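Chain nomenclature is as follows: A, B, C, D, E and F, assigned in order of appearance, with residue numbering initiated at 1 for each chain independently.
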């Protein structure tokens, strides 16, 4: 077992797990039952998506996907925040 | 990968088209978004798929092996434009909803068409 | 100082962020980081945030350590709950906690800690009464939770944001 | 896919960290499915947002530091920002849920604080 | 690349950008200054177009943006057809603007910037030699047209605008799919390069390329409102404010232009020779027929003008579909004249409707943020009424009618005559007969309703006040129709020009050589 | 040269005169009349002076006009043209004089004279045309100007309708004429009249002869008011009488006759010609005469009489006899003189008595003996009384009718029918004279009748004098003109004819006399009954009301057009969109059918990353879920769309497009916020819409169709994508970009270099779009009017405020403030970090993923977060942003960055880059593209903030509105 091989398999597995996590969260988005469940699901989808991006960066080893991950980490909450606020207040900006 | 992506494009496009053909404005705008995703991916796919070969030249990368940058540039341009137009479409449908009082894409419910083509019911 | 450098801590943080983003450190990036750290905080002048007064760096560090340990522990706890590995009975529920902490920054940090640690969720805080409604996944002992929050987190925070 | 030449032990470490992180995230997602009420479910994603994320960030730091031969810490930014922003959403979401449950008079609506 | 005149080619795009940029920095209340700037820019565009017309020869003018060589960078290419369209745009833009300055430019915010950007989009579409860049300029032009269609708000505009935008957004998606498919199979975006690659031996993948071209063509056909893709046109143009509608008349011609350009360039020879020609012919005929039906049934002048726009597009498509060059030349000549006349008709329609339907004045809901432009009518300089306003309007209407119906002695007739005689000189298969027949029917079909509308508008006694034409509005009308008359007088020169333009279009090899430079076949 | 000069002068004078007259003030009747008359007379003089030249040959002058089409403007004066030109101008001059006194003082006559002169010009150019196309042009111009003349008194409905009908019918003919001329031009290879006239055999033997003939005749017959196109002529009587006199005697209707004579040498003498022209002429002659009998209106009688005489002339032309053509020409001239004088007389009667109804008129002889005499002479000429010109041509007609009796039964009837028609003519002429001028003195007339002014009578006197002169000494008067005209038509092959009054007792004379006697007899037999005929419609034909039929046809046409438009059009958006997709499918299918289906590589599971497949399982599920839920569960549909978008971004990451991933993610976030902002203004779920069973069924069917369409489009796009992706990439332009990016443009991120350098022009356009959309959104939202049901504040906020109010220890708004406490703090302090991040994206774009657009959107999100946390009012009190100015600035910066290279003689947007050696810092790349990118950032921030904020501010506006309402 060489290092690249271990990385390839290990990280591939990790990525698959994360995508699976995404899929489960997406299931929550689809199923609900309440709007808050969906928002929570979407937030989780975003989170796992970000982790997937990071692991993908590891797999390719070029680190170019860092910005994409950072965008989710720093700004991704804006979307879910807007949703949550919409639930709470009926409008996003008052 | 090609198979998966093309199936994905197909599903996105089909959902988008389906929604665009629905009577509610909100359905139309979501349909437009989905169709836009599909088209952007389609453009992107035209450059063929490569994993781990972003068109960023680090020292020593093999210029021949990296992904085709042109479709990516095209998608970026198209992305911006479609973002702008989605926003516009949204506002126009809000305005239409404001002046017609209906969120039907034709500005009136189909059953109430006889009341006159030019004027809204209000 | 304050006219030229309105938020020194912020400046430092931004400069560090810039350096992290643009590693490796070269004279050019250092210079830019300095510029960024100096200039960007001026945008905050427009927003006029409340001033932050954080003291007692030692307490901060200690608190950080506590939180780190708690987070890891509760991660494992929650993982067990989810996977059904915990022993039998499990109760979830709300806990109401009267808080003495009023500083918005303190509250913010507290909320981040509480929410960040799996198993607890900051649900509702009433500024009028200072009471906090907490949701706890594994609610074995209500009083214990009140004490835990107040002792482990609120007290250091009160110290920091005096 | 990866044509890096980091030592074997580092590779093992990276993989272990990444798998650990992915595991925690996955458990969190499972929790999202398995737990029965919203207030229970809302705890689940935090798993991924805290430990899961932290492990993967660590993996990333280790990997790129070994790969580039210097300390690469920029991934810490991701951890930092995520830690700050995730609670914001969850708090508001929880608040929205309580509000909705109370106005609808649901049985499991939380009590007033 | 040193003399200023070398940069002439990019000015039709840069000037409006610069002018609108400056205007956006100005406060909204400085409408006089903005109007002046805007008029000056439009006039400058006309001068540039004239200068280009003086420069253009058999070899197209080339401008390499960013100094990058042809298939890689974006090039602007101006041959006779592009220059002709530029001229048309400039003329139309200038006079529509003159008309708008009389009152319409204050019916909503930022009219001038939008207007100039529309001109920029149109000019860009006429000049670019790159498929994707064409897409971008299409979008610029469309985005601005959305703005202009909605300019002035009001229910009819918003309703029509919604459909207009929806249809054109889908057209844009088609455009993208088509372009990218072509890129994916041919590996290039430059039109000349594409033509060069297509003129070579075909591969098995030619079906994919052609599918791309077909989808792309659909996008253009939607924009030139070909049947059955153009149902959006009439309600939209009829609802738009008059100056906007007038300048929109050129918009559908952009689609026509591109179809003409690409089908002659790409499918003139090589693997896909004659691709789509039969379809174009059928679609052109169907469009003329549909437009004629539409115009026969119209109730108001604006809508009639809209259908006239449709007929004129269909005519060119049909002429292109016959594959007869002389007919195409006549059709292009007809296009110029009919576009100007349709624009004038839009303006006239507004003048006629002005006093009649108070509902047309849109609803101002938020008085605090919105100054109704018609409130301060007395304060503007256009209040003075030319006593002969009715006569002028009537005369102008008559001229428009003659132009659009293709009756002598105006330019519309010359165009039709050139088409007929071109078709008659050819082999005269059934299709040519059908085309001649249909065009004759459509002439009559245009004449009958326009005469009806003219009689209704000018002759039938009514209580409404007679139309009022301000000096600026008169200038706009006179300018547009004066050019129509000029086209009639110097029809020979015009036809000679379009003849050579078609010749240039058909000479794909020359185009390719000019764009790609030496060393290409 | 002087001859040509005279010719050109004559051809142009009326038009110039028209313009001059039009510019006169509206009450300048004398000046207008003088000018008009002078112009006409001057032109007449020019033409008259050319008679000697015409005798010697043809005068031609050609101007180039459309050389590529072989169309020049040729003035060609031969004998025929001369004759007609003199007729046009001579009678024109008399009409001008007459009109001066006929028209009321308050009429704006300059307009009338202007139109009249223009019409004269058109008519003159019609007869002078030396080119077929020019002839068509003049032809249509006569239609147009006659339209204006007939509609002169447009306040009358009759005038409007008459004008419209005349134009419609004659213009239809004109369009046919154009087509016909084009066909002739194709056969001959030239439009030049001289060439065409020389190619008679070629034309007649061409397979295209029949179409050409039919088309040309369609024109001639419509213009000359031949049955069944005659209906426009009586209705054109609504014109002022001088105009009727002119249009229906010498001009307009004679244009058709002229055309047939002109082309007689090349089109006639075939069976087709014989049957079409002859039949039309015969039918018209009879129908016209029959109808004329029953008219009570003087002008109506004259109108139908005109139709009848035109039929007669047409019949003559249709006989395929050269002698008949001479007769036709002769009768044309005669008809012009007597009919013009009769119209003028009728006008005088109308003018002086106030009515034209023969039933009310009688005994005018006493009041206006002079006029009566003139009218009687003219009527007699019309009736064909000997010693007048009408007799001569009538005689020729009857003799032709007798001579051309053929074998066919229809042909046998020719002399009989000709005699019958002549008898009818006598009948109505007699009726006209008898009822108007004889009998008891008139009573109960609007005006007391008296002789008109001297000058008004003068034109009639001149014309009647001509009738008499021609009738008495034809060879001295009309002879030479007729001779040159005949020669112009037939060259040297013209027939021999004799214009003598007396040919001896022969069959024609007998028929002529018989007709006279018959007419008189019939009048005395039926005269009274005709007068009591109520509506004036002719017996047997009163149901054939041309006007009614025409109107019916027109409305039917409009209705039919609307129906077809509905059938083949679509007004509803859904239908339009469905059509778009269907057409796209058809287009794709037709290509595939023509070229063969593209081969698809067999799908294989090898090489598929299971994670990627799973990812797209999520993406597909999200998309389908969104499609399913969008109708009622909008919020979840938004989320699912977001999920699909996220999957797209991840795909970009996966497949080596980091720039795309970043941008798509950012756009994704902004779009979600945008959609949510919009969602606020949409109606709540409206299930109250009552749907009928039938509608329900229709909806279900529509859904099935839509499903099929959607699935097919999806399949098509997917297979296209798959087909392309599985083929090897073409050797395209991509490689060059990769190789040139760093060495030539100084950037490592090829995508970004493409955007800001290689294809910066695209980016310039792209940001323009963004700016434009920003402005449009702004403009729309400034006048936004929310629907009534979304005007009130959201339920949630009202409840929360009520709850706050209910508790003593809380103030209104506390609930919201508490809920947002933490987010607000975090978001406030996140602001500078996002700014730094944006700066980072911007600065490193050229070398690594990022770039201006991403930076701009990131900044926008930073702004929006502030809005979300604090509300619009709070933010706008603090951050003074002028987004519109930002848009302008962005455009300017980007444009300037592009224009700077001009200073160095480089093309627009030429980027320069170099490495600047800075002490301490080392080499710093200074790509000028960064300046361009800066413009992008500024514009993007301006436009997207503008859009979001404009939308967000609607809530504020509503609050303000609610506050303002109670006061109002």
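Assume a contact is a pair of C-beta atoms (placed from the backbone, for glycine too) under 8 Å apart; a residue touches a chain by one contact, two chains touch by 3 or more.
Protein names from UniProt, one per chain: A = Multisubunit potassium/proton antiporter, PhaF subunit; B = Multisubunit potassium/proton antiporter, PhaC subunit; C = Multisubunit potassium/proton antiporter, PhaE subunit; D = Multisubunit potassium/proton antiporter, PhaG subunit; E = Multisubunit potassium/proton antiporter, PhaD subunit.
Being a predicted model, the structure only gives us computed values, none of them experimental.
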Chain labels contacting chain C and also chain D:
F
State which chain is most central when centres are taken as means of Cα atoms.
E
With centres defined as the mean of C-alpha atoms, identify the chain lying farthest from chain E.
C
With chain centres defined as C-alpha means, what is the inter-centre distance between chain A and chain C in Å?
22
Report the inter-centroid distance (CA atoms only) between chain B and chain C in whole Å.
40
Using mean C-alpha positions as chain centres, tell me how far chain D is from chain E in Å, no decimals.
56
When centres are defined as mean Cα positions, the distance from chain D to chain F in whole Å is 68
Hunt down the residues of chain E that sit against at least two other chains at once, touch-wise.
132, 136, 139, 143, 146, 150, 153, 158, 162-163, 166, 170, 177, 181, 183-184, 189, 363
Spell out, as numbers or ranges, the residues of chain B touching 2 or more other chains.
20, 25, 42, 45-47, 51-52, 54, 56, 58, 70, 77, 81, 84-85, 88, 92-93, 95, 99, 105-106
Multi-partner residues of chain C (each touching 2 or more other chains)
17, 21, 111-112, 122, 124-126, 129
Which of the residues in chain E end up touching chain B in this complex?
132, 135-136, 139, 143, 146, 150, 153-156, 158-159, 161-163, 165-166, 169-170, 172-173, 176-177, 179-181, 183-184, 189, 359, 363
Which of the residues in chain F come into contact with chain A in the complex?
609-612, 614-615, 617-618, 621-622, 625, 635-636, 638-640, 642-643, 646, 649-650, 653-654, 658, 661-662, 665-666, 668-669, 672-673, 676-677, 679-680, 793-797, 800, 816, 819-820, 823, 830, 833-834, 837, 841, 848-850, 854, 858, 861, 864-865, 867-868, 871-872, 952, 955-956
Within the complex, chain F is touched by chain B residues 1-27, 29-31, 33-34, 37-38, 40-42, 44-58, 63-64, 66-70, 72-73, 75-77, 79-81, 83-88, 90-95, 97-99, 101-103, 105-106, 109-111, 122
Please output the residues of chain C touching chain F within their complex, sorted ascending.
10, 13-14, 17-18, 21-22, 26-28, 31-32, 36, 40-41, 43-44, 46-49, 104-105, 107-108, 111-112, 122, 124-129
Sites on chain B touched by chain E in the complex:
20, 25, 28, 32, 35-36, 39, 42-43, 45-47, 70-71, 74, 77-78, 81-82, 84-85, 88-89, 92-93, 95-96, 99-100, 105-107, 118-120
